[in-house]
Structures are given as structure tokens and as C-alpha cells.
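Labels for the chains are A, B, C and D, by order of writing; each one numbers its residues from 1.
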Amino acid sequence: MGFIEGPVMLTNTWNVPRVADAVIDWSIERNKSMGVDTWGISPVVTETSDQFLNDARGRHVNREHVFHAIDSAAGGAVAEGAVGGGTGMICYDFKGGIGTASRKLPDKLGGYTVGILTQTNFGWRPQLTSDGVPVGRELAQYKPLRRKSETPPEAQRPLDGGSVIVVIATDAPCSHRILNRLAMRAQNGLARTGSHTGNTSGDFVIAFSTTRRKKHYADALTYTAEQVIEQGDLINYLFWSVVEATEEAVLNSLFKADTMIGRDERVVPGLPIQETVDVMKKYGHTEVHLP
Amino acid sequence: MGFIEGPVMLTNTWNVPRVADAVIDWSIERNKSMGVDTWGISPVVTETSDQFLNDARGRHVNREHVFHAIDSAAGGAVAEGAVGGGTGMICYDFKGGIGTASRKLPDKLGGYTVGILTQTNFGWRPQLTSDGVPVGRELAQYKPLRRKSETPPEAQRPLDGGSVIVVIATDAPCSHRILNRLAMRAQNGLARTGSHTGNTSGDFVIAFSTTRRKKHYADALTYTAEQVIEQGDLINYLFWSVVEATEEAVLNSLFKADTMIGRDERVVPGLPIQETVDVMKKYGHTEVHLP
Amino acid sequence: MGFIEGPVMLTNTWNVPRVADAVIDWSIERNKSMGVDTWGISPVVTETSDQFLNDARGRHVNREHVFHAIDSAAGGAVAEGAVGGGTGMICYDFKGGIGTASRKLPDKLGGYTVGILTQTNFGWRPQLTSDGVPVGRELAQYKPLRRKSETPPEAQRPLDGGSVIVVIATDAPCSHRILNRLAMRAQNGLARTGSHTGNTSGDFVIAFSTTRRKKHYADALTYTAEQVIEQGDLINYLFWSVVEATEEAVLNSLFKADTMIGRDERVVPGLPIQETVDVMKKYGHTEVHLP
Amino acid sequence: MGFIEGPVMLTNTWNVPRVADAVIDWSIERNKSMGVDTWGISPVVTETSDQFLNDARGRHVNREHVFHAIDSAAGGAVAEGAVGGGTGMICYDFKGGIGTASRKLPDKLGGYTVGILTQTNFGWRPQLTSDGVPVGRELAQYKPLRRKSETPPEAQRPLDGGSVIVVIATDAPCSHRILNRLAMRAQNGLARTGSHTGNTSGDFVIAFSTTRRKKHYADALTYTAEQVIEQGDLINYLFWSVVEATEEAVLNSLFKADTMIGRDERVVPGLPIQETVDVMKKYGHTEVHLP
């Protein structure tokens, strides 16, 4: 229906219902008319699977975690790397997690901002590309993912290319139609880091604009709203912002995540910073600014 | 992209490219900058197959017909029955064609109008329902479609349930999103006449609002527009208007089309008015107002 | 991805996450490798809102209910009316709930069965049509929905036309593509009972075939499977079966549900059988076979 | 409906109907029962706009061109660069056109081939990336597109990022579902060359498998067919083949197209080979194999 009624939550696969349940509880506590005089929240909860590193069967996320997450949400710098839903993620066979980036358009294009947050859980190492440099291919022999020897063969690799969550937020006055088009361009940013949009699990993108609030019950037949015109530089640079910032957010998730030892002594190495910088220089990037 | 740049054309299957070609010619003649300083029209041409009755291989629609159709388009009463693209149509094994109907919302819902035009080429006779009355079942033994005896078996029935075109026009300020939702409700109107949305060819619905004009090249970053709120009675009665007017338009296409003799001495009977009225009365519709 | 890994659950809106959570628990208990050597179930849980009659804020569905529902699932006659997820439903301003119906194709069309189960929570009373007879219009003055006088005006009507769940099961060997096409034809069946596919909540249809089982991990590159050909009578009668059985399932949900008194002394009347039969006879249906 | 009945044609925007018309004529001449005993071809004709270089208003494609194109179609090496529908294309502000590439999977993955053909008409020069190297940025000052000075400002750049056609052919036994998924991965290949999937015109991808033929009229209810399993390495490497071969096909279209002078003395420079090789070497690609 084109609107979001609460927080956008990111978690791991099997805790989706637990998080959704807590979001409903949290909302009921704060809204006495919900379910009485008006309808209730449709929780937005997204997931990627952390079962390679995590004791997924343990279902370790509970109501208190969710309440804490919502109540402590704040503006400012975003924690990146192996935090929150990103804790158990694996990206290009390195440790993944949460990454964020944004682009601000120049004033002549409205000065709008496009912000991206990713939870990265996809990719095969040889595919990894950083600003066009084949970092994954060059680091193919760097510490591999380690598993216990008795692990059955079918668990020898994260599943089928994995999945990713991309959240797009903008203060440009975008219609439902344009938001959908922005969401589709996240795929370009993922592809620039090497993704083939692998088979299982599904890449998930959600886009929203902060520019309009909607009441449950309308007190009018129509509304009047400002909207981006789908023609010319503005729409194209909104698209390009999604592409670039998604690419950068994925890379940030890798640069900010350290090696992690998970269940059954499994080890997922963090992307080695110095080795990566060396590869970047080998490929003509003489100045490398780390995130 | 959410806009239409010219007329919505209805024709038979194989003349789609001929009609589209002529629409481009017509537009080029009237717009000297098209293809030079700005882009060109994307013709909207729709079709259903008339090959049961028509010499489809003959390709009898040409450039002059298209120019005449566009140049003579006018407001006022719409010709119905076996006219234009509807000439060779078959609907519920009776003669089909063009049908139209509309609904006007009360002033408290904005006074908006929803207009429907259909080109009907679908349905099996026993399915036909008029205002809930099983007219097709009651008239199952009425004159059947007639073919030459040497006709091969596979041509003994119009293909697979057929197809239909529905054009929805409204002066309600509907977004792309709402127009798409209106279009999806045409299926309910078709279903109320008996359609199972048969296998082949495809039912096609296009919806547009007359409330906003768009320039090819924007002279601003954003625009401000009035839009229907997707909540409450207005959106629901827009939907309901599509349902009712689509149903009525299909019935009108049947009531206005007479028996036609086509290629190879094939005959498609018109819906018999008196017999239909008699069936309606048998099923409790004591007053029957013919279209 | 085209497969279902567990039960299809039907519940009310806010208990979706509770039911999904319990389905995961139930699966974990029975599958020791899930989340260890293989991935886990994606629960399929559907909902319609019962907040007009029910204490929705109370969240009265729990883990035990779900385990009991799954463990006691059995073949044979399906309970209909105000049972299970259907308990608090309202359909055409009468008491709705669960309804089921099926069609079996003749042997020359493979003898396949199409089964439908609906949870009905939509419609305005004047729209209700039973086999084409305007039952809702004729019973417009029959006992209305009753609410406490202090109820605010916005709660005076179930929201925006409501919603419905339709589950389609078949033993015809249907591909993902055909199942999707079957699902889209449920809308025709709903329309035949009077629905305009109302604004809020969303009508939800899921279709599955019982003919193929899939392993999580393939031991081959390809498989060979029988599939329905999308041409001719078989595909059309599969479509028609969906249309007819969906219509019948909705009507059954109404005929099997009794008047219910819910929260805040609200009353939703059951469809009155005798009055309905009388209306059917008035409209020429001389023999009426009750479900 | 999941099948193609004739050739896949590529042309420029306004000649789509002319080409489609000729495809129908060509088919009618060769199939005497089409339109008599069976239905007719649905032509597949794709386009991108060449109006910057071409006298688009002149409509210079005719029936003879189409018949010649179909009749002379043959296996073997594919002509690339500024040929056929690719004649007037512009890609990353260099001369674009037709490009092709393919990948063959190893025998243990079935030995299947994925072939790609592109008609490239998109991109801004600074975006162009060749195997990760920012060729477009490095060649930003190389000969720009040249126009006559009196050209109005709005024509100073190909529209809005442009468009592209991607045709995917495979001998892997892919279902409609998998073909759709292959098609969606072409976007990744385009993104790897720098595309942001620009605003206007639309990127178009069509995918087909050569493994199954379908009759218009079925002589059975079901068929049995081999199909790729959507799990594991095969499906992922089919995806990856689409990504890589699409990227390579776009680059080939650039490397094979020479500078072109079009209408109104407009000039679009070909990608300069030596300068590009020099940039590749600057970015660590010590051995560069030209296509």
C-alpha cells in the first residue's frame, strides 16, 4: 500500500517472527487505539541467514533485544561491521555485516540525500571487486573459511551465493513508482562489487522517502504532494546515487568487520586491510582512502 | 513510464504493426521536432483476434483507415457492436464487439467519472451471465456458431477462451499506482459476465487519468499534483465503478452486435434480444431495461 | 523459489509472527539437521484481520495452538464456518470464516482435482451474490452489524472492503508458471460472489501442486517431470475449476457460520438460511441444494 | 505464454512496426494454415533509439530489409559493431552497436552454453569501466560527441542514460521461471560496464532456451521435459555466465564500432583502441587481449 508504519528491522532468518512479534508488542504498548479503533502495524522485518557461524537453532534474539533496538535508535554515525543483524554475515567469503554510505546531490539538483544501509551475506571470494580492482582474485589464497573436518560436504560453502538486505532512504519526494525504480538500481551497486545475484535466499531491497506522512483515516478525498519528475538529471542522479552508495556500503561492511570464530570452531576471516590496499595500489590506485 | 503520448488504438491481431506504423506517420506529420529535438511517440495499439470470421491473412487495415480513425475521433455517444476493431469479435459464442459504459461518483466522492470501453472476444456460451442470470446456459441450444463441414476440428471453436481489451479512462486524479489497481479490477467485471480469463491471447487492460499533462523535457525538478487518497470510500467506489462498468460494457457489446456471416460461410449469431429478455424475466428480473 | 517446506497456516493479522515462530520451533524439533547441515523452513503463514469482533490486542494464539493444529491435521471433511483462523471473520457484513470446495475433472482431462480453501473477510452486504442471485441486496435490511453506540464512526464498518485468503491445491502436475496463473483466476471466483477486491489488506492466493517433491540438495543437474500443457481444454478447465470452486467455497463459509457476539458487545449476524433460500426461489432457482 | 514463434528482431525505435509487419508477411508466405486453421505469429521486435545520429523521421527500414535479414540468418561468427539495428547506437558517449559473447560450462555442469547478443545505446562516458578499469574517466577529455552549434540544449546529450537490448540464448533446459531469472542477471553484466540503468527508454532482456519445441495444438494433456534444478553450482554458473558474457558483449560492441558521422554533421567517436589499451596497462592489466 505504499507506506511503512514502523521501524525497518534487520535480523537473521529464523528470528524474523520473534522480531515481528516484538515490534507488534512495542507498538501496542505505545498506541492504545491500534486494534480497537484503527488497524495495526504491519511489521517490516528483513533477514539473511547466519547459520554458518551462528547457533541458528538456538533462536537467541528475544523481545528485550527488539525493544532495546527500537528505543535506542538514534541519528548520527551508524555502527558498521559485525553488529546487529550483521553479526553472523559472510560476504565474498570474508566476514561481512552492516555497511552504510550515502550521496548528497548538488543544490541545483535539489540537494537531496540518498542513504544506503546493507546487511551483506553473499558472494564468492574470487568475485570481489573494490572500485574495479579484482581484490578477491588476488586474495584467493588468503586464509580460507575454516570448518571442522567432519563437516559434511554440503556445508562446505555458504549457500548458493547467499543474500543481502539493502535499505534505501531519501529525502527526495519520490512516489511509490520512483522508490520502486530506485530499489531496482541497488542491483547495479551489488554487481559492481562482484555479485551475480546468487540463487538462494533472495536479495531484498526496500526504499522509502521521508517526505510524506499519511494518516490511517483520511479527512479528505485527495491530497497534494510534491514529487520528483522522472526526466533529466535529477532522476538519473538519484539512480546513480543508489548505485554508488550501495557499492560503497557493501565495501564498508567488509572493511569494518573483523575475523570471527563461530559455532563448531568455524572461522571466517576479515578482509585484510593492508593486503587489500597493496592490491589496490598494484592496480593503479595510488592513493587509497580507507573508510 | 506512466504516460501516453497519443491515441489508444484497438484493432485485430495482425494489423497491430500497420496501425502502429500509421500512428507514427500521423504523429511525424504533425510534430516537426519529433525525432529531431525530442523523442517520438510510443504508439499504444491493442488487439484481439478475428481470424474465425475475418480473412486475417488479407491484412485489410491500412494507413488511410488509421488516419481517418484518429482525425474523426470525437466526443459524444460511442458506436458499439460490430464496429472498428470489434468488427470480427466473438463473445460467449455470440457476436461480440465494442461496448462501453461509465459510472459517475456522487459529489461527496468528488463527482469523478470512470469510463470503460471494451472489445470483447472471449467466453464460452454456457458461461454467459447477465446481471447474474444464466443467459448462456438457458440459450445453450440457440443457433450455434456455424462452420463449413470441411473445417478441421481444431478450428471448431474460438481459441482457448479468447481475449478482451478493456480501456479505463477517468478524470479522478489517480497516480500510476492507483491506475494499475483500477486496471486489475476490470477482471472482476469480466468475471461477473462469466469469464474464466481463458488461456490464450491475453486479457489486456489499460487505464489512464485525464488530469495531468507532462512535457517531454522538464523545466523543474519536481511537480506538485493532486492525487486520490488510497483510503476509504473514494478508492473503493472507483474500484466498484470499474467492476460495474466493465460488466455493463461487455453486455452492451453483445446487445449491440448483430449476426455476422464471415469468411468460409461461417456464421456467428447475435445475442437474441427477445429470448434474452424472456430469460431475464424467468429469473425474477421483472423489469428489463435494454441498453 | 517455487516450493513450500511446511504447512500453510491461516490465522489473524497480529498472530502471524507467533504462528510463524511456532512453525519454526515445530520444524526444529523434528529436523535435527535444519540450521546445521541444511537451511531451514520458510514458514507460510497467512492472515486476515479479526479486530472488529476479536480482542486482537490480546494476541490469544500461542505455540501450543500451533503445534496442536499441525499435529492434528488430517484428511477427510474440512471444518467450515467460524473455526480456526476463520473465527472472527466478516464477509459481506455477515459472519464469514472458513469455506472449502473442489472440482474433479473428467478422466479424459486427466481426472485431476482442484481443491480450494478460503478464509473470508471481505465485501459489503449489498454486493453479495449467490449463483447470480442478489441475495445481499434483498437482505439489505436484515439484521445489521451491531456495535456499541460509543464506537467512533471510523469503526462503523469493517475496513475498506476487507481481505480474503484463498489456498489452491491440485494433483495436476502444474509448473510454477501454471500455479501462478491458477492463483490469478481465484479473483474471478471472488468477483462472482460480489467482491470488488476492496482497497485495504490485500487478497492473498497461494497455489500448490502435490505432484513433485524437491530435495534441499540436488544430486543431479537436471530433473525430468511431467507438466500440464498450457493449451486446450485441460488448462481452461483447471482455470474454470478454480473460478467455480472459489465461488462455492466463499458461499460455504457464509452458509456454515452462525451469528457471533464479539468484543464490546458487537454482533455479526450469520447469513439467514431460510431467508436466503426464499430469495433464491424468488429469482428462479426452484430447487436449492444447501451446502 | 512462454514460447517464441519466430525470429528475434533488433531495429531502431520507429521501425518496430515496419519490422513486425514484415515478419508477419514473411510468416504468412511460408505458413498457409496460419490465420486459417491455426493462430499466427506474435512477432518479437526490439528497439533502441538512433535519433541522435540517424534521420529517424525518414523511416529507412522496409520489408525487403527484413526478408533479407531473416533469409540470410546463419550460424557462425556474428557481425559486431555498427551493423544492423546497432548502426546508429551510442554507448558511453562512444560509438556503440552490436556485441556478442558466450560462456560454455564445463562438462561436470552439463557443458551448456550461454550466448549473449547486445545492442548498446546507453551510458555516460565517465561511467565506462572495462574489466574494472575506469576507461571512461581516463578518456573523459578524448574527442567528445560533436553537434552543430545551433542544436538546442536539450539535444546536447543522448537521452537520459539511454537503453539496451540483451538477447540470451542457451541450450540448458531452462523453464520459463529460470529464463526469467537469467534475464534479470543481465543487469549485473551491464552494471559492471558502468551502467546505472538510466531513466528513459528501458533496458530490454529476452531469454530463450533451444531445448524444447511446442506445437500450437497439443495432442496430449501433459508433456515430460528435462529441466535445470534451481540449486547448487549449475544454476549459479548459468547466472554467472549471463553476467560475464553480457559485460563482455557490451565491451565488444564498443571495440568493434568505428567513429560515425550522422545527420546534421553530428559525430560520435569510436572507442580509441590504443588509448584504451594504454589505460588498461596503467591500471595493472599488463597483458591486454583485444577482442
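One rule holds for everything that comes next: a residue touches a chain if its C-beta (ideal position, glycine included) is under 8 Å from a C-beta of that chain, and two chains touch if they have at least 3 such contacts.
Computed from a predicted model, the values in this text were never measured in an experiment.
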item: Identity of the chain that, by mean CA position, is farthest from chain D; value: C
item: Copies chain A and chain B touch via same or different residues, half shared test; value: same
item: Geometric centre distance via CA averages, chain C-chain B, whole Å; value: 31
item: Centroid spacing, where centroids are CA-atom means, of chain A and chain B in whole angstrom; value: 45
item: Centre-of-Cα separation between chain C and chain A, whole angstrom; value: 35
item: Where chain A touches two or more other chains at once, by residue number; value: 1, 200, 217, 230-232
item: Parts of chain A lying in touch with chain D, wherever the complex brings them together; value: 129, 131-134, 160-161, 184-185, 187-192, 195-200, 230-232, 235-236, 239-240, 242-243, 282-284
item: In the complex with chain D, residue positions of chain B that touch it; value: 1, 13-14, 16-21, 24-25, 28, 34-40, 43, 49, 51, 56-57, 59, 152, 154-155, 159, 200, 217
item: Contact footprint of chain C on chain D as seen in their complex; value: 1-2, 109-110, 173, 175-177, 216-218, 220-232, 234
